[in-house]
């Protein structure tokens, strides 16, 4: 940590800061510049509340040197993690493609979708039973009935299933059905929920918050890992910017940045990022080319009648055609789609 | 609702959209322009999933005419709401000033702070017992012990107390202690939590999410009101922008905008917006001048040793001096601070 | 255009708006809803200052139906434009790769770079003679001497050259040397400069402004086209967001969105978007996979001693290796790099 | 400057960086931490291109200690600057209120407006002769004829006049008419234009760019000051964020932040920030309360027929009423409006 003293800091103020740092267990190294003094403070004290040093008289700012995350970072674990979902891996040469409708609406339609996305090459089935909707008047999901339908679809198709949990009270229930538990973008900093899923042994699909920095995202992963669960798949799903021609702006750079900072695998959700099925193909190919470890795509057998997210859902036939195109791009970067 | 058909839409596509709209219960009024056709659809069908119409062939876009919120909007209730907290009102001529530390750290320090902010003129006491912290390694709050300390401070000072709830499982507990329940920025779209506090009868302090639009914020209030609790105080606390010289960018315009769109009162949290105690005075005065119904300010008796948010906390003496300055600005706009 | 009247608009106010619209030459079609009235106004009156209608009593908002751009949009010209730069095409099956240093520093180093990027497969040479730098104390470019060096490099290598103009007074000079004139991100809304380059016959590389919407970008192209020059190549170079791990956030979605809205070709500048050479490979591949028509990449023979943008510059050897990888991705989407 | 070496940096890499820093004229102070090494580099070398050090092997990041601006910062000049405009001061106890229409449309209407805003208490007259409009089809201003009208209004009313320049070729002309030259938001990083107005002796009203950081804004002022003109008035006019209920988001925090970092005065443009006349009163009061040194407000005698920015223009009667309210807020913070 580096403490930058302001131009007008007195000798006494500099001494006070040094003393405080030493009291907190740091070794201090002041450097007296022509204009300002900076104090280097050695010691990895992530747990200490050092931010308060900025309130001491004469302090201008505080520059951290160490990353605030440990378990999710590359500093402690240099080799990439591969997450295993009952034989399907995320983070290996083979890309994981997760597909399915936004919400589970009925057993019949869900199983029909499942069969079609499987045929097209998807290896994991998505579907929402508990839906976080921005309006209380929108369809909120079939809840446990939805989970039962998912389980049935797994039985029939042999696919693994991923579904979202939105309440600490439902974690046990969801974990009893799902192969992968999803934490949605709106809950990325619902720390109690992160802790709770961290107590399960299921792989966690951790979506990036709508306005979360990459550092905050890795800190969210840190919460889950700190609770004991290291099986985390990060998912970029678009961030909020001023541009309105897409629902969100997909942050493709997050892929190489996460690969540099963390050992965790990262997949991309082009459907929520774009909010428009027409852009899903282009964004998926971009994600694969940039090094993503997988995709999660919304597919619905009848988008105009979907109860949620119809505009961004692909029809199964379009999804199938795109999967073939994805395979070509994956090959070009030394990966495969299945 | 207006449906805009694309330039190349066929007669058949236009007919299909009209038929679909009629099927959903709308009366339709097509207008055939020189280049494009638009279809006016009459009927307030907020509950219907009309967004899917954009997936129909030939549709370019869909323009809503009605606001998506009803209970929180001005359309149904035109007079401003005044929230009563055991005799203290929010939304009346008198501004509500809420003050106290970010986190409750000990009984002694909390009660000392309470006495000092009361003396300075604050009418409600804030303090965090359950803290949502971005790092799992930071202090997470005293939990129920913190609530007990708050209750004791209320007993001693006669002040009302506001504290945050972060988990559906704690709503009942928190409601049994608090006079006002806070929903933090990170939980503004934790819809299950919104629903749960909506089942209580306590006033709710609903902070705006870090990257929430004003419309999304009012939809969050709608969730609480839909569950039966109409006692909501909105709280602007800064939004995320590209500017880094403050922790967040306070959106002062949100005050007149909310006053126009909603009947709910709105207060401002300058401490979290700025992230720096030095700016709290200027931002508080700006909020009062722009028409805010109150302030929530972090005050700590010893900021350099605070366990949370030290840099943005005022010392009690500074807070007292500012309260006198706030009174002058409040008078200038026909309000009073106490 | 649709005018939405507010809930409380009177009959008289509605009549006034209709009369005003008719006066402006529109045919009006009022639709009386249960709660609000909307008035459809037929007529493509982009030149009229219709925005003022929102100031009329009783008006809530105004919804445009037609896009504000004509020449740059797909509505008038449906087939994609291919820009010809002396035999090199942008917008065809073959991707255009532009490479070179940020600033021209000396004849020797520039020509060495030119030869190396040519060998690696670049077809156009970039280099800055007039540099817009955020600090007045930074290197501002060699100006006309830089242009002469570029011309010499063209002579030696046979490559086409692109360089930026930052002042209306220099347009004639720059046009006399360059094969393509660049309008930088900071000048995207320097309308006089847009007009001036629109009077030349040189192809224009129009970078997207740092915080420009896609619509504003197409309106900037409209300025150039309105002045008579239709040879425009759009260039996405990252937008400003709250995320700080990259210099800007590349908006990959802009590629399919621009392809839908406009007939103009679009290329991508991964170097300025990332601000870090390590991410240039991943972002370039993403751009190709998403359908970009080309790339513009910073290459410097000695990045640590570059006078501008060293951190985001590739060494020629790395560029060469990446070009081979780009070819694979281009093939996968039916394109080629050279 | 602090150079942070990466965890895996070798002894040789650390030595290389130290040597390079010494070569550039810095005194170096390495601090060897448990995990990483950081190198303190003493010397204020703003002109050097030190950013390239980040390209050296083993370097993780570079942390500047000194601000990049000198002339506009508080470090060299600690007392606030007061700008004199022929007897009217900006930065003194008395607030400067600038008012007038967006564009000059005719002599008659401009002079009528001038007389009315003068009567209401404005001391400086605004009006656009050269208009930067986002569409080439919008009214572009009366150009020199507009300047002549302004001069006539000055003669009649005795008010000072401020108008925008958008092209280096017009600086001499505009300077020959205007008392204050405005640099608009879109030209904040038009460095050649900044340099050119820096060569005049007229006070400059420097608007903040739509997506400019405060640091970039001060660097723009630095360009003008570096050219020799120290008479700069900063103007906050709203920044681009994701929120769409106002045209831009006014950054009220910029007022105290600028006051801390710079000695230059700062005024606020609530009209462009809000894009809606209804919010101008609230935002103006917020600006005054937060410590702004003045306001620039759009006033038009007939907003529905304005050729530019009608929706955000106040009628003279409303402006007059607000000026009385502004006086009350100004008094409350120890200032006055006239």
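Every chain is named by a letter (A, B, C and D) in the order it is written, and numbering of its residues begins at 1.
Basically, a residue touches a chain if its C-beta (ideal position, glycine included) is under 8 Å from a C-beta of that chain, and two chains touch if they have at least 3 such contacts.
All values reported here derive from a predicted model rather than from experimental measurement.
*Asks:* With centres defined by CA atoms only, which chain is the most remote from chain A?
*Replies:* It is D whose centre lies farthest from that of chain A.
*Asks:* Weigh B-D against B-C on C-beta contact pairs and write down the one with more.
*Replies:* Contact tally favours B-D.
*Asks:* Roughly how many whole angstrom separate the Cα centroids of chain C and chain D?
*Replies:* One centre to the other, that is 26 Å.
*Asks:* When the C-alpha atoms of chain B and chain D are each averaged to a single point, how far apart are the two points in Å?
*Replies:* Chain centroid spacing, chain B to chain D, equals 31 Å.
*Asks:* How many angstrom between the C-alpha centroids of chain C and chain B?
*Replies:* Roughly 38 Å separates the two chain centres.
*Asks:* Mind pulling the chain C residues that touch 2 or more other chains?
*Replies:* 211, 240-242, 244
*Asks:* Which positions of chain C touch chain B when the two form their complex?
*Replies:* So the residues of chain C in touch with chain B come to 2, 4, 7, 29, 31-36, 38, 40, 42-44, 63, 65-66, 75, 240-242, 244.
*Asks:* Over in the complex, which chain D residues touch chain C? Could you list them?
*Replies:* 20, 46-47, 49, 51-56, 68, 132-139, 166-169, 186-187, 189-192, 195, 210-211, 216, 219, 222-223, 226-227, 240, 277, 303-308, 310-311, 313
*Asks:* Could you please specify the touching residues of chain D with respect to chain B in the complex?
*Replies:* 211, 213-215, 239, 241-246, 249-257, 260-261, 273-274, 278-279, 282-283, 285-291, 325, 328-329, 331-333
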